[in-house]
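Given below, in the form of structure tokens, are the structures.
The two complexes that follow have chain A in common; it is paired with chain B in the first and with chain C in the second.
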Partner chain A sequence: MSFAKSRFKHKSLPVNDLGLTYREYEGAISTLCAGCGHDSISAAIVHACHELSIAPHSIAKMSGIGCSSKAPNYFLSNAHGFNSVHGRMPSVTTGANLANKDLTYLAMSGDGDSASIGLGQFAHVVRRQLNMVYMVANNGVYGLTKGQLAATSDKGVRNKTGELSLFNDIDLCTMALQLGASFVARCFSGDKAQLVPIIKAAIAHQGFAYIDIISPCVTFNNHEGSTRSYDYVQEHVTTGAVTDFVPIKEEITSATPEGEFEDICLHDGSIMRIYKLDQDYDTSNRLKAMNDVEEHKQRGEILTGLLYLDPTARNYHELNETTDMPLNQVKQDLLCPGERVLGTINDSFR
Partner chain B sequence: MITTSAEQSSTENHTDNHIINDFVVKFANTNGTGSASANNMFAKAIMRMGIPVSAKNIFPSNIQGAPTWYEVRINENNYLGRRGGKTEIIVAMNAQSFVADIEDVADGGYLIYDSSKQLPEHLIKKGINYLGIPISTICLKEFQNPRQRQLFKNVIYVGALAAFLNIEFDVLKTLIGDQFKGKVKLITPNIYALELGYQYANRHFSCPLKYKVERRDLIGNRIMVDGNTGCGLGAVYGGATVVGWYPITPSTSVIEKFASYCQRLRIDPATGKKNYAIVQAEDELAAIGMAIGGGWNGARAFTATSGPGLSLMTEFLGLSYFAEIPVVLVNVQRAGPSTGMPTRTQQSDVLACAYASHGDTKHVLLFPQSPCECFELTALAFDLSDRLQTAVIVMSDLDLGMNDHLSAPFIWNDKQKYDLGKVLSIRELDNIESYGRYRDIDGDGICYRTLPGTHPNKGAYFTRGTSRNQDAVYSEQSVDYVHNMQRLETKFLTAANIMPKPEICSGFNNTQVGLVYYGSTAQAMPETKQLLQEQGIPVDLMRIKAFPFGNEVKKFIEQHQYIYVVEQNRDAQMRTLLSTELSLDPLKLAPILCFDGLSVTATQICDDIIADIDSRTENLTYTQTDSQEVV
Partner chain C sequence: MKKTDVSNYDHYLKVVDCQQACPAHTPVPEYIRLIADKRYSDAYMINWESNVFPGVLGRVCDRPCEPACRRGRVEEEPVAICRLKRVAADYKDDITDRLPKAPEESNGKRIALIGAGPASLTVARDLLPLGYHISLFDRDQQGGGMMRSQIPAFRLPETVLDEEIDYILNMGVESHFGSAITSMHKLLQENYDAIFVGTGAPKGRALNLPGHEAAQPQISIGIDWLANVSFGHNDKAPKRVVVLGGGNTAMDCCRTAKRLGAEEVKVIVRSSYEAMKASPWEKEDAKAEDIDIIVNHNPTEFVVEKGKLKGVLFDQVESFYDRGGNRVLKNTGETLLAECDLVLVAIGQDTSFEWIERDIGLDFNDWDQPCLNESTLQSSIDKVFIGGDAAYGPENIITAVAHGHKAAISIDLFCQGKDPMQRPKSDFNLISQKMGMHEWSYTNIIDHEQRNLVPHISWQEAVKELATEVELGFDEQLALEEAGRCLNCDVHTVFTESTCIECSACEDICPTDCINFIDDIKDDITPPQQLLKGKLKVDKATDEQDYFISDNLQTGNIMVKDEDMCLHCGLCAERCPTGAWDMQKLTLSNIEATIK
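Entry: the complex of A and B
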């Protein structure tokens, strides 16, 4: 574990369109355990945001409580963050998003935070089609309280102390699909090549994006018999397609890998390019996606990659018909109807 | 059928002994029968005749079929609290409550009922007058549509009351016209129904009755409206744009009124888009979470709740306190918990709100007394909340929130500008050397905050509860925690200085008795003061408008030998708050408590005070004569 971050910035570090190196997208030094999957997620977020050339301060980092929810401190120091209440990040993010729809909301949650205490808030923020990226660092265990089983633990597995998981697991991807999320993906924190383009596409997507990230807990859930250990996940992970993200400004050239691909145009004009490994793979079929997740699970496999995408879905503000200016910038003259109108209102009560 | 005219002639006083503008009319209805708008029209007609009037709706936790009462007090002395005691005139339209309603009629009073079916002998009680009107029979004959037959029953008894009580018929006609503006087709049948009742009463009874109204000019510019409308509209004027809420009686109409005024007043004329966002949340946790998220991001955000909703919101209220995020909560208090009594009024959340949440927390509370103040204090709550960067709770209650009150009009001054508090702009951030979110630069405990998205590389911070130093960097150091908690205490002292001052009415230089009260209890106080004065007990009054308490509150209590704290809860919660926060001897503060779910009456307060004074061994130094001299 390191105690201080090097301030050294190599001159040859590549800069993005804003003239920023990836160092400007980093956060405080992580206090998570060495080898924690969450740190890989933080690194992927840093790279995704840097490569997308998003101004760090135009991002709001939202989280609840838990190891996962500490993580936003470890990326994007120049973005405001909110480590809110256990299981209640979705409501806080909803309010923040209502107040300013122009920011990018990157939310980090965990399986305790979203599948247990916050399951209700998770379900309802999906329904609301909030424009946000909702990431769950899914390790099947309670880290910060030291190793209790999570609701995402597979039935029949034992935690490190030997306690048996008696009940069915909650699969947040299936739930998100059922509740109408317009972007659903599952990734493995150890697969940066997969995670980074999916985070980029989730940010570009102007609607509710859910990414379930299997993120092994090296301390409490990396033992023999765990279905969330590094070894187990690496052996059982499978994907239907390799995804690449092509930003709006870039010309699509032949510099892409060989093979059959499909392009999905996102709301902002950027492209999600998909190289199919499985010929049946179809991101536009919500029911099939739910089925695929369950079928793979029955075979003992973890299906990863982009599972579902509806680039045309309307988000909360479009549905609400909120004014174009962010609400936190609308001035008093537009908000307060004034004395004269109040006189008329008073008259209506006489 | 009872020969009503015979009954009438046997008991009614036909002399000129009329009782004018001082009596209570109670309507006993079944909920879901559309009686509310007719009853409301009755109360409004009295107001339009220039006579002070108050109305209380006593309703069940039910949508259809259960008994509901609407109690209208007419009083030209402006005594507008609930009067209590037996009722002069009852309109008994509910068979379920009929027996109880008969018992409730005062001696020599009147029971108006639907005489379409004969009243059984056992329901005839001596000493009261039965005024039977065959309302159902009339409706059956006059109207074809079953819904109309039901609704017009209510209008018919209002028409009859116009004859009985001498209400100007034109006033009612105008009210019908106002009520159905835009639905012209409904005006004629409604007026017709009024006339049916009016004429029946005039033909069959000697009108007016002993109790009657007479036109006065005592209303001035007052309006008749409920407090929840005041809160909802106050939030529109206060600039609220973000709302998360969950329906719960009696707070629901705060948000519904906010939404309907926004629909009228907050649509961008050019685009037709909304300058607001309201989300009906999955529960109260989410409701206040949304409001706090909005406040964190610089919008004026609020929610409204009652009873159990408040319990659910306490964790977030703590976050607002520690993370220093502005948020406004309108708490419309009710008796609790569960279903049933919650449709009755109380002031029983004072302590739950003042100290809501775990850890050392204290919250800013505002106590409106009238719909006008519901408006004013809700709008002010947004300024205070932005200034103090913390939750501000507007403490209304069911009586204030859901009943119509005669109130001063809503007031707004266009020169008044929103106080958005200490929020740094991009330019201000550029001009400062370094920034720390929780540095107390001004020494008032209030720090400078920044909003997400303001500056590319200055001012961003990670918002947390307590584990941080003054630069918002994670810290578990005791010294950082203690420093932060002491600063938050300083901030609360600052708050005490900018809160609305108590309203003090001390007409008696030598009185030793002070009455302390707050919120909707105010309605009963003019009458209380007069009744005590008549008993030779002159009193000074202090109405608390806010917590934390300012110096004036302590001074008033110190200046009086006897202090009565009048409140509508069992545990004397304001008394506890006063003695704890001002380090006062609790023995000096005598509690006067009413917690039966009905709004407190002047008689209850006076009886309790007189009983307490009588029970004390030491004598008050003023005498009967003293009190007579001072007016």
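Entry: the complex of A and C
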């Protein structure tokens, strides 16, 4: 009997700028249910970070409580991480980010963690424009506690035990848009071709990036009648555009569809390339994005892809004009410049 | 794309690299698992059924299985398959009562086998239990062919050879040793229902250079010289010996000469060291015994002084490959005189069919080789079958065994009045190895250890005595460690399209990126290699294995598995929520052989 992943790897695995293969970005072997969408998200994160050549130790994995919040253990073993209290990941991340803005903050939360107990925290971290990637693994239930309906469940569906969803669902994308998030996307865990470039762009984006990832719970929400099952999502998913992420140094040689595209330049010079499938598609219009999400929902479709992006938005540190040097590196003599400076400050108020 | 056909065993057998590469299709992973279980006799019997001489082959097989071993692709070195076979032979109990017996009642058919090498002995073994009467003829006094006359005792102890030959002779062979067959015409007059020719390739090539005649007493054909040593006609070598040739015969000649008292032994070969035909391990062993291997020298003359051999003269050459891929030799202008007292010429062997009259209807081709049907080994005289080295020139023991199996099936069909071309198809079975959660009936954990080396005795000890076996074989601990390296390639990843929900869990967990879910490509004609280039997570590393391509899944996508790198670790099946992947063991009833 064994449940260990071999160290052997494919002989022709590509290495990134740091000389690492994606295997060096993996985490512990997952203990989630076999087939859980969250594992696919972990795999997408592994590939995104590898392809971006981010040093694993420059990443902090942040999470709350839930199966989704356990997932960070299953990617990036060599990254920093904090598995916080249920629904409190946003404030812990805010604190961490204030102390060290140099790290890349990858947050993994669940729809229970963010739309129920942590809804207040969620709302405020969006408002604050914290520079982070906030991912919610949206499975419509509380997986870890055995499948109770989450606030994201569609009204009228039943969970596996037959409990009816009586109330309107909370759509975290719509909320994020409404509260001013500068990067909003919705993806399906089963579609890595879409998910990986969007995670990469979200990391490159220097502001608050929200990705809502429909991630089926095979054990408690994959039954007939569920709107988060593999079958249902595969049948109802739609997108307005195919997105591709082009890093700064790379020639554009992507094999994505022919035809017209639009490039959005991100902070670091990398490019989000958008091949429109729907002529109407527009990532710069927040109101329209909110409208699109709702319209598709009414048609029984799940709209995925990059919904909104404002590459010029200013993040929390910029808004607060904090020092360039991360605060945790500022030495005591600078933080506490002594009596003479205090005197000068006090004098200025006299 | 075109779905992989898994309605028969072809795809799965190919996945078992070693078993596919073994000419006799020995179920390698199965016997290695038995060794890991310390079931040595069972492991021996599995071998014996397919390759007939496990104790012999566990020492001297050419091991085509090892370069094929999957381990060589995912790691560096293959599993020591051959040496594990020896472990089964060395540690087994008495298995004589497990051997098949000839039925009391003969089936009335009489078969003559010419030559008692591995090819004929295999035919005998396969046909005896079916009730055939077997008459075996060899001009030598004992059975074994070149296994006895050529392979020196320091590589293959006589006791091991005797034991495995006796298993067959004792099944009831009517043997005629010391009787050379000199006329096929005469033999055909005798009332044999079929004749099998397993006379090998017994004629060593000579090297007719200037000086050849005068130096004649001091020049020997390598295989003749080795046979003389084996049969005790020759037990001494002079002080200085030069061996010409770079194949395994040359290696056996030089090492034997060393043991018979030669002090200065040189192997001089035209090619580079890498291009020498001898197996890498043979070359290493020779070098370890302080034998000088001189490469890139082309012999030009046997230098004779005062009516005696002085030495051999060589041109130094450079070899390179021309644009057509042919090797071209160019003289550098340097020469070398290798002084010596004996020259052993080991530059190749040929078949010898002087005893087959050319007017009896047995057709020969332009190269004076008998014309044979490759699938049946039947000659143009329908009751004459030819196999082993006699069929297509010198090969090795395991090929001779495979030919023996093939000919036995043909002879059996022929004697029943059936068409030997209608080969019986082997049964196959795929059995799930799942026992429970994370529980498989095979050890699916991957062992990351490197190949274990077989202990040798010191070369100084080794060269003292001709019959001292050089390799000591694995002790039990090493054997168990080595057995643990086998990847169980016969436990297959079997895929069921209809249950896959396309969650990609298997794709994500696979340590070697074998599994891909991709958009279907609407093209059934272009070869998959071409269609799939750039479409998979990682491009194919080798072409040794095929792709396993599924039918369309629910979304219309397909699953493509690259069989090259699969570790057979079962993680895909562990991770699959619906059981769309299962690990199933392939069992084949001793394919292409009559003994099942």
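Side notes on the structure shown:
Following the convention adopted for this analysis, the second predicted complex is superposed on the first by the 328 of 350 C-alpha atoms of A that agree within 3 Å, B and C clash if a C-alpha of one lies under 4 Å from a C-alpha of the other, contacts with A are read in each partner's own complex, and residues count from 1 in each chain.
The working rule: contacts are C-beta pairs under 8 Å (C-beta built on N, C-alpha and C of every residue); 3 or more make two chains touch, one makes a residue touch a chain.
All values derive from a computational prediction rather than experimental measurement.
Judged by the touch definition given at the top, the superposed model places A:N131 against neither chain B nor chain C.
In the superposition on chain A, contact of A:S84 is made with chain B only, not with chain C. Taking chain A as the reference chain, the count of touched residues is higher for B when chain B and chain C are set side by side. In the superposition on chain A, no contact is made by A:N221 with either chain B or chain C. Within the superposed three-chain model, A:D231 lies in touch with chain C and out of touch with chain B [touch as defined at top].
Of the two partner chains placed by the overlay, only chain C lies in contact with A:K11; chain B stays clear of it. Once chain A of one complex is fitted onto chain A of the other, the partner contacts of A:S165 are absent, as it touches neither chain B nor chain C.
In the superposition on the C-alpha atoms of chain A, no part of chain A is touched by chain B in one complex and by chain C in the other. Those residues of chain A whose C-beta lies close enough to touch chain C in the complex are 1-14, 23, 29-30, 33-37, 39-40, 42-43, 190, 192, 216, 218, 222, 230-231, 234, 255. If you check the complex, the residues on chain A that touch chain B are 24, 28, 31, 55-58, 60-61, 72-73, 77-85, 88, 90-100, 102-103, 120-121, 123-124, 128, 317, 320-324, 327-328, 330, 332, 334-339, 341-342, 345-346, 349-350.
Residues 47-48, 221, 223-225, 233, 236-239, 241-242, 244, 265-266, 268, 271-277, 279, 281-283, 285-301, 315-316, 319, 409-414, 417-418, 450-457, 460-465, 473-474 of chain B touch chain A in their complex.
Interface of chain C with chain A (complex): residues 73-75, 438-440, 443-446, 448, 501-505, 507-509, 511-513, 534, 538-539, 541, 554-555, 565, 567, 569, 571, 574-578.
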